[in-house]
Amino acid sequence: MKLKLLFTAIMFMVTSLGAQTINVCNSCDVTSLTRAISLAKPFDTVIVKKGTYKEHNIVIDKPLTLVGKNYPVIDGELKGEVITIISDSVTVDGLFIINVGTSYTEDYAAIRVKKSKHFTIQNLVLEKLFFGIYLEKSSYGKVYHNKIIGDAVEEYNSGNGIQLWYSHYVDIEHNFVEHVRDGIYLEFSDNCVIKNNVSAENLRYGLHFMFSNDDIYQDNTFENNGAGVAVMFSKKIKMLNNQFRENWGTASYGLLLKEINDAEIIGNTFEENTIGINLEGSNRITYKNNNFTNNGWAIKVRGACYTNHFVENNFLYNSFDISYNSKVNDNIFDKNYWSNYTGYDLDKDGIGDVPYRPVKLFSYIVNRTPETIILLRSLFIDIIDFSEKVSPVFTPDNLMDNNPQTKRITW
Amino acid sequence: MVSIENLHKKFGKNEVLKGVDLNIKSGGIFAVLGPNGSGKTTLIKSVLGMVIPNKGTITVQGENIKKNSSYRHKIDYLPQIANFPSNLKVKELIRMIKDLRNHTNDDHNLIQLFKLEPFLDKKLGNLSGGTKQKVNIVLTFMFDSPLIILDEPTTGLDPISLIRLKELIQKEKSKGKTILITSHIMSFVEEVSDEIVFLLEGKIYFKGTISELKTKTNQPDFEHAIASILTDNHA
Amino acid sequence: MLKILKYSFFDLMRSRWSYVYFGFYLLLGVVLLFLNNDLSKAVITLMNVIIVLVPLIGTIFGVMYYYNSKEFTELLLAQPLKRSSIFLGQYLGVALSLSMSLILGLGIPFVFYGLFKSNAIWDFSLLLITGTFLTLIFTALAFNIALSNENKIKGFGYAILLWLFLAIIYDGIFLMTLIFFEDYPLDKLSLVGTMLNPIDLSRTLILLKLDISALLGYTGAIFKQFFGTSFGLVVSFVMLVIWVVLPVLRIMFKSKRKDF
């Protein structure tokens, strides 16, 4: 066993040292990527010069570095998948891939990694695509600095920008994805890091988790998507310092949580979404230091949510701060700043002397009869909200912030 | 000057004027008299267009007053209760009325006549009832209109001012103007008026000179003559 | 008419009440901005104040002015002036002086705070425009009430009742109706219900600015068209204009037939 390992290491070094470079261009000896790959030995570098290459079903079956100079165009002519990687240690860099084939039976991708490890996919520009980057049972890879611009119109015939399926330990950073179905989609993929990406104008979700655990996403921006981020049936996800903006519409959320346990949601900004966070069946989540600004509903609790902690967040100018659809509450709200708070602070310790009740009767009425939203901010509504505040009948009576802050929290 | 034909006016169920026919010729002083609620003020206000009759026509100098406002250039009116915007100063009010109607310079003489100079810079809200009435008189007489209507002009006036007022009325009469007066002060009426019109229950009961009234009622003096009309009709 | 307007306006501008009203708004603006230091919050609070207080002050002030200037009106009636110009002049005098107090009272502190450099200027201008519309509407309604009621106490009673009805009771009935008929499609009804009450109408205009995220959460197609496009803004403004014109026409109509 040890010997075999040593042998492989030596082989690796030898081949690396003897690695060759193969140039591809329209006037070179090698004029196609497929041919270059078949000529190359493992650990060679294929350099693709500027030009247009009408190719599809390019299969990379050995460890290679494929580098485009000045963004050569790989045109799939809508015939099918463009590049498929089936070997470990492949790097693809600097290509402009267009015209991926669309199919209802197969998920054609601009670039697919299949059962491989240690891949790097970077600096690609993908346009006119079906699926963008598709990682299938492939782990320990990097997806950096790619720009994916789709033209999706309908959900049923469009694909995702970056899709992970049973792929673990993948870093996805500094990508820009727009106009696809889901910007980034993780299914059965654990321990991934998604960082500094921008996902905007996508039909469904900016970022989507399904049955994926222990992932981190941070410093991303999700703007103007059908819904910002959907996290479903997953555990221990960390959501840090992201921006969720302008996700407007009937079923539009900044963040949708469904059957999520033990997550951390810290330092995010939710701005001008119809619903900031929509949670359903989600337990033991910590919400801390988030800004909820100008949302329709900052947080909508749909039921079966227990032991969530909402601590030290800023709730600023939302039409509704919190909405509940039941009378039961097992979640804790503490030390938040609420711009709608009207109490006083006589002892000047920065904590309001009367508790704040973030759930209004009117939000309960609007849940029941949505058209009543037109009466928002009416004096009559203020009066019934006030009476509900004094003696809660419809809203959970233990739901209150006992230490509402009198100044915006900074961190 | 003024002719009224078949004038009817109801306020709700209360029929105040029940067919008044009246012709007032040009020149002279006419007093409109009658017990409380007989329709004196309603009659005057109908002429002024402030009350809109249910039936009947009114013409002033041959001009039908219905849906007309310019004929009021020919009328000067002294309202019964003088209550002006309290924030205005006396001279501002005078300037304003002049601004709304035609220009005139008679106001200076009248102000002197009623000794109003010290009050010119005071706000109307701070004036006494009598002073307000003097301002009211100035506002009325400063224009040179052929018809003058005075509703209870003597209210609140001190004796000197009353004398001045009487002089003023005579002066205007001498210019050939027509003056219509209502008053409760019988001595005042007797002193100034040429002819009286007596209203009773919405109709004209008597029209003529004071001496004619005395003859008709067989009473030696004016006050008794009036009283006898009232007792005869209510007995 | 312009002369009457001028005199009514200047008369009111010098009255104690104009100062009180102006001072109130000035104080409100200063307190909201300089003690709170939060422009967005100030605009929201102002909205609440404007849609409740402006109609109340407009009605009370309108009725009060009418009754207080009754004798003056009679003096004017005896002058060679058209009735419609007397009443329109007085109405505009009251409405404009109230609007001036509102705009200056709120505007001055906001300008000093640096409104022109802030992006809240549109929200704020919308507030002032709706405030002015509400003043015009409710002063006109007040004049209507006063013209129809000789009795001062009755007039004041009706004025307060009108305000109470439009500011609070109407919305209560509206809410009950919506809940009662919740099984039916309601978006048309709810929009029509809003149009029929000038306070609700102004509130909706402001909602379009402040709460668009929440409004777009509702599914109805008509709602979407109304709130999602400039259609809502245009319709609301047209309705506000109608709400001014109709009572003003009634003032003219009623004043021509009234005895004094």
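Should a chain be cited, it is by its letter among A, B and C, assigned in written order, with residues numbered from 1 in that chain.
Here, a residue touches a chain if its C-beta (ideal position, glycine included) is under 8 Å from a C-beta of that chain, and two chains touch if they have at least 3 such contacts.
Fair warning: this is a prediction, and the values are worked out from it, not measured in the lab.
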(request) Select the chain whose centre, defined as the mean of its C-alpha atoms, is least distant from the mean of all protein C-alpha atoms. (result) C
(request) Write down the pair of chains with the top C-beta contact pair count. (result) A-C
(request) Report the inter-chain centroid distance for chain A and chain C in whole angstrom, where each centroid is the mean of the CA atoms. (result) 47
(request) Go ahead and note the Å separation of the Cα centroids belonging to chain B and chain C. (result) 42
(request) Would you kindly tell me how far, in whole Å, the mean C-alpha position of chain B lies from that of chain A? (result) 89
(message) Could you list, by residue number, the parts of chain C that touch chain B in their complex?
(response) 3-4, 7, 11-12, 14-15, 69-72, 74-83, 257-260
(request) Name, in rising order, each residue of chain A that touches chain C in their complex. (result) 248-250, 252, 272-275, 294-297, 316-317, 319-320, 339, 365, 368-383
(request) Report the residues of chain B in contact with chain C in the complex, numbered from low to high. (result) 9, 11, 45, 48-52, 69-73, 75, 77, 79, 81-85, 87-88, 96-97, 99-101, 139
(request) Would you pull the chain C residues touching chain A in the complex into a rising list? (result) 38, 40-41, 44, 47-48, 51-52, 167-169, 171-172, 174-175, 178-179, 182, 186-187, 189-191, 193-194, 200, 203-204, 206-207, 210-220, 223
